[in-house]
């Protein structure tokens, strides 16, 4: 089985490395060559243009955003080169709008299309511990399943429309951002009354909020350690904007998402473009003069 | 040791029952007599006026709100009747303002005052599984400790100022409300794009958000079951207002708390006064025409 | 006719001065004596305790806030000293809650009570150019009318319940604050795209928004001149809080008022306590990194 | 002088009619032919494709939105057909992004480009009473000036970058929307306390807020008359989104704009798609259970 892989950012490298480690043969393409060489060193083959991967049986892609996805699949001709029967598994977080458009374009060309955005950071990816939200026509999903099970610890099917998986991923990232802002505001409140952030967060994240998201980001907020960023403010803002764009399409008011957009924009506009998105807690504190 | 107990609402009854079950002798008072009789049947002694409990060694109280607390301790003379040396353990969620005022009044009369608001529902209280946030002068806290360890599974000390415990409790409840609103908005978004609430929440509450608060309220939201209420919208609104009042005192902007206040007021103003506060998810859906 | 006058702040002095200038005999009281001496120099009589004014035919008061009003009328015994038949005209901006309470207390004592909060600054007051919102029982209003017509350029009756006038005044001040925040955000937007604040505001405040509020505050915002304050941020915050408190009473969500509260708190918490409330425009700019 | 005119919606028809009435010769194009015939009856010439207008000396256009503008000028070849020396006056409200893009495209082809968005409704347009915000290179603006002075009662120059005019127009529309929401919330507040909307608005719109925007929309809100719409909710939402998009470009938090977006989306999602955008006041009332 020929497996193609497009997009070797942090997440892409980890996933491609995992597949190679599991004995899969992989042909890879990436815009910058450095990452390609890393994977070649681990046994991957490389091609010089992404369209060369149109002959694969399975084509995985995980590009940074809508623009990169559009550029590679539409402008650089991957879709045009794809043979009918190919299954494209898109692991990236793209907009609901692009997800619908891609679904339609694949359908017309009789190419299988599976949206499979992932929850998890690069270390989870390298360990095969991702949670994968999966949507697409059942036949394609079924063919994608073995690969997805290699990549993730669990697949969560959410229907036959690929965009379903994307809206779930986008809504999930909105929930993470909300958890961060919530802690930021709560910490500003308790600090203004003389309670230390870590004393407060220690209680909550070990009882009612004993969940990975709260422990991870609660730790960053308590320590006020926002660099180096695991996930930068601009990336977080991009994801919040995806939520707002999806909400715009169907007229869904999301007042929390508005607050998140404003907090992240303020963070970026006031010097925090390199900070982890957890630094919205810093914005909450600054607004209170803390 | 003479232990007095004031306030036999759902939480108070459960805690008082637990203490009796653990062999403590308890003298109780409550505004309505029905709850008093229940406790007497379990071995408690009763007094006809709360001020009679001023002779206790330890006096526990858990009244519904600031007004009830003020009425019993100030207007009905409990504080006046309290002998120096008494330790008052206030388990209730009261405002930071009242907490400070009570701390000062106890100090003047040389009565020990320990703020010990609790996280947990009545069933957790009956089982001794509460999490208790504790603050007060070290000597008083030390005397309160054995009783508190009977009541809760864990005590979380947050300092010598009693109001510290209250601001932690209030900020914690704000976090719960934020989690509910977050799920409400996220569910409205995914539903507007054809994904079912339970499919979505099942993923999130079993992975990144695998915490008690998300599981409990996520379940209610997925099932759209808001009656009977575990915690009604007006009680939720009261707590959000405590957060906003505490924020007002120290000029801390809390945009999420504003949204929560509005959602809960809208819920109540449009017929949801008897709903569980999880029904803010219903408001989020209605705003989107779902 | 004996006219008493309580409260000689900026507004009070201007109004009392106007009445003296119109030939009325005035007996005044104020907490600080300096202002009293100014009025005595203009022909007023002074009393050493406010309760001495209980014998007046008409008693005007304009105190800074709820607390001052409560202190003078309840604690210092003015209401107790008031003879039945006295008409009390309260020109101050007080809360809806206090307005109702005062209305009830006056009613019980058969004292006339007219709520008559004013729109306008001290210079307008001195010139008899205030707009006065008037509510109260018709008989009392009718007796108050001649005095009110001396003070204001126009009286706007809004019903028989005194609190009606207060909610109108409070909602009006909310509208002013909203106009300021609106200009602040709009100016941040155009500035971020290279358009100067004055060029922008000049257009709007001379066309669609050619109203006194926009001209006055637009001028301050264009010039970024927030000191000396005509109306300080803390006073503005007090009034926004009155709106939110009135909204709380009847469960009315006011998302704009929430934003105003946060902007004013942020302004104050970050060093702007002496600024005019127009300086929320500064906050809007700072959030955008301008 | 050959004048071309593209876009005969309500505003376009009124402006084109005014120009004909002032003795100008006009060649017009519009997607639907009905409006074209109306103008031909008044003396205009018609062409069957917009690109035929590339030979004009002055080309005015006022299309409904970005998509229509893009379709006509880019896809249907108007820009390609335009001769160097032509002056294009774009009267429409388009996004800042499109404004920049168009400016660049015109520059490359050596076509003059003047952004001249207008404030005013069709009746003002027919009467030559529009306020026109003008930006563009001085030479082009100077050539456009005589035509613009025919159309408008006043031209407001805001610089040499065409997009400057668009951001001013967008920010101005944001201010109108804010004024509407402000009145909606204020009216909900006073109504909840027993004061009628018209009594309240009558005071404010005749004193501090005696400006056209407040009088017009205050009248609609007091009468609760939202149909037929002068400007529909979806058009209003489109304009608020233009403000948010412009704010997104430069990371400017605009919390009021967020509220406006949510209120308009809620209005549309709950059956108000044909209402005037003043009907956000209805949403404010409904949230309060009024």
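In order of appearance the chains are A, B, C and D, and numbering begins at 1 in each one.
The rule we apply is simple: a residue touches a chain if its C-beta (ideal position, glycine included) is under 8 Å from a C-beta of that chain, and two chains touch if they have at least 3 such contacts.
Note that the structure is predicted; figures quoted are calculated from it, not measured.
Peer 1: If you apply the touch rule, which chains end up adjacent to both chain A and chain D?
Peer 2: Of all the chains present, those in contact with both chain A and chain D are B, C.
Peer 1: When the contacting C-beta pairs are counted for C-D and for B-D, which pair yields the higher total?
Peer 2: Most contacts of the two pairs: C-D.
Peer 1: Using mean CA coordinates as chain centres, what's the gap between chain B and chain C in Å?
Peer 2: Each chain reduced to its C-alpha mean, chain B and chain C end up 38 Å apart.
Peer 1: Distance between chain B and chain D based on Cα centroids, please, to the nearest Å.
Peer 2: So the centre of chain B lies 53 Å away from the centre of chain D.
Peer 1: How many angstrom lie between the CA centroids of chain C and chain D, rounded to a whole number?
Peer 2: 38
Peer 1: Give the residues of chain C that touch two or more other chains, as numbers and ranges in rising order.
Peer 2: 247, 250-255, 259, 262-263, 265-266, 269, 287-289
Peer 1: Considering the complex alone, what residue numbers of chain C touch chain B?
Peer 2: Against chain B, chain C makes touches at 241, 247-248, 250-255, 258-259, 261-263, 265-266, 268-269.
Peer 1: Over in the complex, which chain B residues touch chain D? Could you list them?
Peer 2: It comes out as residues 255, 262, 265-266, 269-271, 286-289.
Peer 1: If we count contacts the way the header does, which residues on chain A are in touch with chain B in the complex?
Peer 2: My answer: residues 96, 119, 131, 133, 154, 156, 158-159, 161, 163-164, 167-168, 170-172, 174-176, 178-179, 181-183, 185-190, 192-195, 199-200, 202-204, 207-214, 243, 246-247, 249-257, 259, 262-263, 284, 287-290.
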